[in-house]
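This is the structure I have questions about; it appears just below.
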Amino acid sequence: MIQRTKLLGSIAATGKRSLSASSRWAEIRDIAELPHRTSPRYQDSKNGDFLTLQWPSRPQNILLTKKNKTPAITESLIEFAKHIHSEYEPINMIVEHHVAKEVHESLPFPVYTTAAPKDKSMPILHDKVDLVSTLGGDGTILHASALFATTKHVPPIISFSMGTLGFLGQWKFEEYKRAFREAYVSGAEVSHGRPALGDVAAPESAETETSDSQSWSSIRGKLMGSNHRARVLLRNRLKVGIFDANGQRLTDDAGTPSQEHGDVYAMNEVIMHRGANPHLTIIKVLINGHFLTEAVADGMIISTPTGSTAYSLSSGGSIVHPLVSSLLLTPICPRSLSFRPLVLPANAQITLRLSEMNRGKEVEVSVDGVRRNKGLGLGMEVRVSGESVRDRGGVWNGGVPSIVRGAAGSDVGGDDHWVGGLNGLLKYNYPFGEGA
Amino acid sequence: MIQRTKLLGSIAATGKRSLSASSRWAEIRDIAELPHRTSPRYQDSKNGDFLTLQWPSRPQNILLTKKNKTPAITESLIEFAKHIHSEYEPINMIVEHHVAKEVHESLPFPVYTTAAPKDKSMPILHDKVDLVSTLGGDGTILHASALFATTKHVPPIISFSMGTLGFLGQWKFEEYKRAFREAYVSGAEVSHGRPALGDVAAPESAETETSDSQSWSSIRGKLMGSNHRARVLLRNRLKVGIFDANGQRLTDDAGTPSQEHGDVYAMNEVIMHRGANPHLTIIKVLINGHFLTEAVADGMIISTPTGSTAYSLSSGGSIVHPLVSSLLLTPICPRSLSFRPLVLPANAQITLRLSEMNRGKEVEVSVDGVRRNKGLGLGMEVRVSGESVRDRGGVWNGGVPSIVRGAAGSDVGGDDHWVGGLNGLLKYNYPFGEGA
Amino acid sequence: MIQRTKLLGSIAATGKRSLSASSRWAEIRDIAELPHRTSPRYQDSKNGDFLTLQWPSRPQNILLTKKNKTPAITESLIEFAKHIHSEYEPINMIVEHHVAKEVHESLPFPVYTTAAPKDKSMPILHDKVDLVSTLGGDGTILHASALFATTKHVPPIISFSMGTLGFLGQWKFEEYKRAFREAYVSGAEVSHGRPALGDVAAPESAETETSDSQSWSSIRGKLMGSNHRARVLLRNRLKVGIFDANGQRLTDDAGTPSQEHGDVYAMNEVIMHRGANPHLTIIKVLINGHFLTEAVADGMIISTPTGSTAYSLSSGGSIVHPLVSSLLLTPICPRSLSFRPLVLPANAQITLRLSEMNRGKEVEVSVDGVRRNKGLGLGMEVRVSGESVRDRGGVWNGGVPSIVRGAAGSDVGGDDHWVGGLNGLLKYNYPFGEGA
Amino acid sequence: MIQRTKLLGSIAATGKRSLSASSRWAEIRDIAELPHRTSPRYQDSKNGDFLTLQWPSRPQNILLTKKNKTPAITESLIEFAKHIHSEYEPINMIVEHHVAKEVHESLPFPVYTTAAPKDKSMPILHDKVDLVSTLGGDGTILHASALFATTKHVPPIISFSMGTLGFLGQWKFEEYKRAFREAYVSGAEVSHGRPALGDVAAPESAETETSDSQSWSSIRGKLMGSNHRARVLLRNRLKVGIFDANGQRLTDDAGTPSQEHGDVYAMNEVIMHRGANPHLTIIKVLINGHFLTEAVADGMIISTPTGSTAYSLSSGGSIVHPLVSSLLLTPICPRSLSFRPLVLPANAQITLRLSEMNRGKEVEVSVDGVRRNKGLGLGMEVRVSGESVRDRGGVWNGGVPSIVRGAAGSDVGGDDHWVGGLNGLLKYNYPFGEGA
């Protein structure tokens, strides 16, 4: 449904040759060969704001994504992959198909990727990936998140900024060794030559058998102990569905529903916009099925708190801390003096419906900066609500688990990075005067 | 500490005579004679957004407050009091001291009020009042809330708008009979001639003995059944403390700490402002003890979501739904192009400190539209955080329990009133064109 | 160069037949047959804010334009045309080509239109039209103005709003008889059976010979006298040129420069916008050749004061009175906390240059809501400055002369209509509260 | 009427002694002894945006003002005064009374100051001062401008910023020698041992006799020639009058009208504000006598373009170039979603009237950051219009003539300093990202 996922490419057509190569060096293998993924648990930390990451056993399948068309970043990815391979063997490196072609000849071990066409490659990623690492800017993180846009179970993501500075990224590439170790061993304790699971009662599923490859003991260097778990910010997403005037769900570009339930998740926002049409768009906005207002505007944004520093900010929205469970409704250039951004409860159901008054005009729909191939016509609508990230049993579940700076036990305040980003990157309340 | 509470007046000096009067008609009695208050319980409703009100036994002590200097409203208060008295006897009517003097001669039954000076009148209200009813606009609701500014346990409030239209009020005075009944009998069921408590396990305290006066059976007319409980919006407040440059808590105007812990609660907001000084104020803002920014501005607002439609709105803040657990940090006329309102988690600790650079200037501090008598000087600070409204056991506790429209069981959407207020009162996104 | 002008249509291909028809009834004639236009003069009025309209001799060629696809408006145009024809004969009615086909069968007299293809039809309109009348909303006025986008000498425009309420229109269709008369006879005085020119010394050109058809005396009814001249608001326009990375002027879609100097005039604004591209655009902004800033945004608007209530308003710009000689520079959704709309002197030269950092992306350019067929690529730029409306000799010249309400001599304040539009249409500072 | 002017002090009481002192060293003399002022002419420059300064004869009476309570600036003033004295003798140095007491002992020549009480000191300054120089920030410039708040004829001002960076100041103190010379000799040409007046026909008044002391020839160093005149930005001011409910002009604090006509001029803005009252203020706004709107707000600002970067900016107003002849109407924290700043023609007459609905509340009025001693009560009003800076004969007259950087003949763009201030001081559109 979304252009970006095209990037996963048509390995079916072109990839055969490399997948059948026999040499381990420079080999591209099919991700289907990998063992099933290991899912971590997330636990409340003492101050209650952030979660801690707890692996039930060693993660083995690492997805590396990167910004495109930037040779320096490709170099860094190769350096990073080699480091992980040498330090954390046995481990499996997954990359996207087009990346596999770019880097496999530079790596002295095989990389895994998807042989399936787009529609089928997303599910297999969801089944296999334990941990994601991104090298690039916010766009690269959004792209990684989009690879998991149809599952509730996004693996933890650790993001390295690379020149292109980003607000969502937390780590500088220079610190990749320590940062990756922190993420990788989080929650592990070695005792009696067997993996210890810290204060977690049991691995997530009883079937999990701790094979050798899953034993923490093989890892060189000191484990960090249960007090030094990686800290996780669970970024809430939006659940987005698109429907025609008869209430029928619209499928993705390939004509098939993009997943079982058909919704996709957005990390930043979904927007409806006039696109190239130089005239105003008229959009009906409903909250929980009740009429709220009719926007006459360039468009409308429904954003997560994470997205509050992206497009919504440019459109005049407030900055909302990612831990405030909420949705933002921000108009884009409304033809009204009295529109004002709203912050709604995360469980509000919002509908944006293309009013009958648009007379044949189409509007564009974009999710996280990726435009839907076909625009929406009269009466069609986008339905949105926040993803709930805790299930009825109180277990954390859903969202984009982003590994952030600051060990859980430390007394370094949880908001540091966010506040730092406001001041350092967004130049929040930047003082007047001659000093830079 | 706050001017408004002066309204409670010096009954000690002037009230003696009336309190000793013996006739029931037109009598003013001391609130101290009343039985201890009955506290309701709040339970999650099915859709999880609003709470339902559950009285363990009949409420008996009703506080009526009203807008001042508006004879029509005084008339309505008398009409309302007579109605309650005739329908819900035995019941006790409490009014503020100055109101007692205004109305007692028009009422054929005694009214209760406080004989104590201000500092001592607030605690006794906290001990005695079961239910509050306000007649007026938002200012009257803010005033009622201010009477409970030093307790965590605000009684439920049912508010009637009276000409002066308000955003916080929910009911029109015309519907006072039905609305009051709904609030009064909420959760009661008559079975076997004894009060039944719906689906609540037990009254809050084992000591509560259901005397005759507490039996629902004496109420004329049909009870509404446990399915028709009054719906409650628990409005989060702010906890506000003021400290000097040495970290010593500043007491109220009387020189004594205004309550055990010394904090006061705000329903709308606390502001720091340059006041009559025509120059900019410099305020350091800290979040969780870390430096966020230095505001050079007219002032700063820290607001609840409830207050997001008050001063914060005028200063450019977003509108935040009262169910979004959060705090707003909104600058007033900042001398900066890059300040933007923030929405922070409700449990964030915010400090506004008067920077050393203000050179002898004082700033004003106001809570919910009431100015603190003394301004703050250099290095003094206001410390704020959101009130938590659920205790560790998951029991709802704290906030201002506001009785809102719509029975819990009905499928009328919970947001109706709020959305209605946006459109009807705030003229949200009011359409261009000639139609009014 | 602009789509809208396509409306003028390919009369060359299809129109021949009707133009050669011989019956006066329902006839379509070639505009080329009409006499050359008569240009009015504009004079300062006493309070200096508005101008007065002064015809040197009777206007004869009236262009009627209307909103498309609205049968009721077509009916009104026919009624209006018949009225003018019967009251002001001899007079010539000009309509656009597609309108001619729609209405000529309903009119008992010929209509004139252009037989030439688009590029040549604009110059001939500029040569022939004495007075323009529009029936529709603001879009219709913008369209009429676009017909004169390549000449400095726009005829006076009198605009009737038709259902679709507009901010730019001044008159309701119901008052068309009086309003048109006011515009038509403005400045005329009958004395001694010959046209008198009020207090104007001489007709614009010595060649003007006052033939019978130009004599005011044939007009039925009272002339209004020199004290009741029509009041004119001279709306300043923008002069817009588009250039490639080498500084070569880009021609319009037909490949030829659209006029002698190649600039087009805009009444509202020119915008650069990301269009359907879901990513940010980077635009360098220069003032008088000096770097001002680099906008990272959806786009940029350069607007006239007239356009300050259109797109610029939606993007957060201030409302600027049309008599403030200035240009507005308003960003659309800038990725910056510190962008703020600027109001610059009308004679400032502004350049919007597509930064090299856009990597192959194109941006859209629109003038007054009409999108240029081709987007702009890297390094291309839009150069804009305000039109000067007074020549060196102090003669008013240029702008869109809009006939506004209120006779010049009356003491009804000049700002009435504008203030009325703010309050009545834009709901400026609309009061809170339940009243509609 | 304004506190700030109190600074001029009561020299009458305390100054006698020094004025009668006989020694030239450290002497304080009465300004009344000085010759009458010399007024320059302003002429259009080629590009039409800025004016050039033309002295008819040598200026002799220089007023030096400075920021208070900043010893380093006092030192600089002494250095500056000594330099002027040694280079430009015969010349007379004027300072404010409190400054005279501070500095006269450090100066080897007399200083002049006013012996009169406040009300009479302003007129004598208006009669005597040829040129003003300020050392400090924007506040110092506003103060200097306030000394001429009751005359149309403000002398040219040359401003040096001193540490405290300002937006209005143009020069750094380091460059004082060159900058002062440029201002001092502007327009002078030496020929035949007699003053030449460049291309100006004649000195302003025929009576002016060119005594020796007025001859340029005595100045050391090269004159700059008529091509290198100092460039002047004529900053438009507001004319502000205050009236009671009966339309009677309110006098200043001393009970006498502050000048012949009673208006005062403002360089930045006039504001009405709730001051220390924590409640909303209701202000009726009229334009040219017609009702515009009723503001329910903290207050209202009427600002010049110069003031558009001061308080109006903080309140959300657009930035208006000082050459755009206009007034800004900017609300302060309006309780409305649909208020928007307006930019009106400079000749608009604006009235701010305290609505009857304010019930006994007073509002504060401030001009350029100086609060009026008494607030305004019900029905009182402030009447404002822009100052016209060109008289009927086209002669420049009025405004605050500010000497700006860039010689008139140079091709350095006129907007440089303003654009530089936006970027360098106001951090206009400051780019996101890690760079400072």
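Going by the order they are written in, the chains are A, B, C and D; count residues from 1 in each one.
As a working rule, a contact is a pair of C-beta atoms (placed from the backbone, for glycine too) under 8 Å apart; a residue touches a chain by one contact, two chains touch by 3 or more.
Everything quoted here is computed from the prediction, not taken from an experiment.
Peer 1: In the touch network of chains, how many steps separate subunit B from subunit C on the shortest route?
Peer 2: 1
Peer 1: Please work out which of C-D and B-D is bridged by more C-beta pairs in contact, and write that pair.
Peer 2: C-D
Peer 1: Which whole number of Å gives the spacing of the CA centres of subunit C and subunit D?
Peer 2: One centre to the other, that is 42 Å.
Peer 1: Could you grab the centroid distance between subunit A and subunit D? Build each centroid from C-alpha atoms only and quote it in angstrom.
Peer 2: Going by mean C-alpha positions, subunit A sits 57 Å from subunit D.
Peer 1: How many angstrom between the C-alpha centroids of subunit D and subunit B?
Peer 2: Result: the chain centres lie 50 Å from each other.
Peer 1: What positions in subunit B touch 2 or more of the other chains?
Peer 2: In subunit B, 313, 334-340, 426-428, 430-432 touch at least two other chains.
Peer 1: Which part of subunit D faces subunit B closely enough to touch in the complex?
Peer 2: 275-276, 278-279, 297-298, 311, 313-316, 332-338, 364, 366, 369-371, 426-428, 430
Peer 1: For subunit D, which residues are in contact with subunit C within the complex?
Peer 2: Spelled out, the residues of subunit D in touch with subunit C are 48-49, 287-290, 292-296, 305, 308, 313, 317-321, 323-326, 328, 331, 334-345, 347-348, 413-416, 419, 422-423, 426-432.
Peer 1: Under the stated contact criterion, what part of subunit C meets subunit B in this complex?
Peer 2: 165, 336-340, 424-427, 430-434, 436
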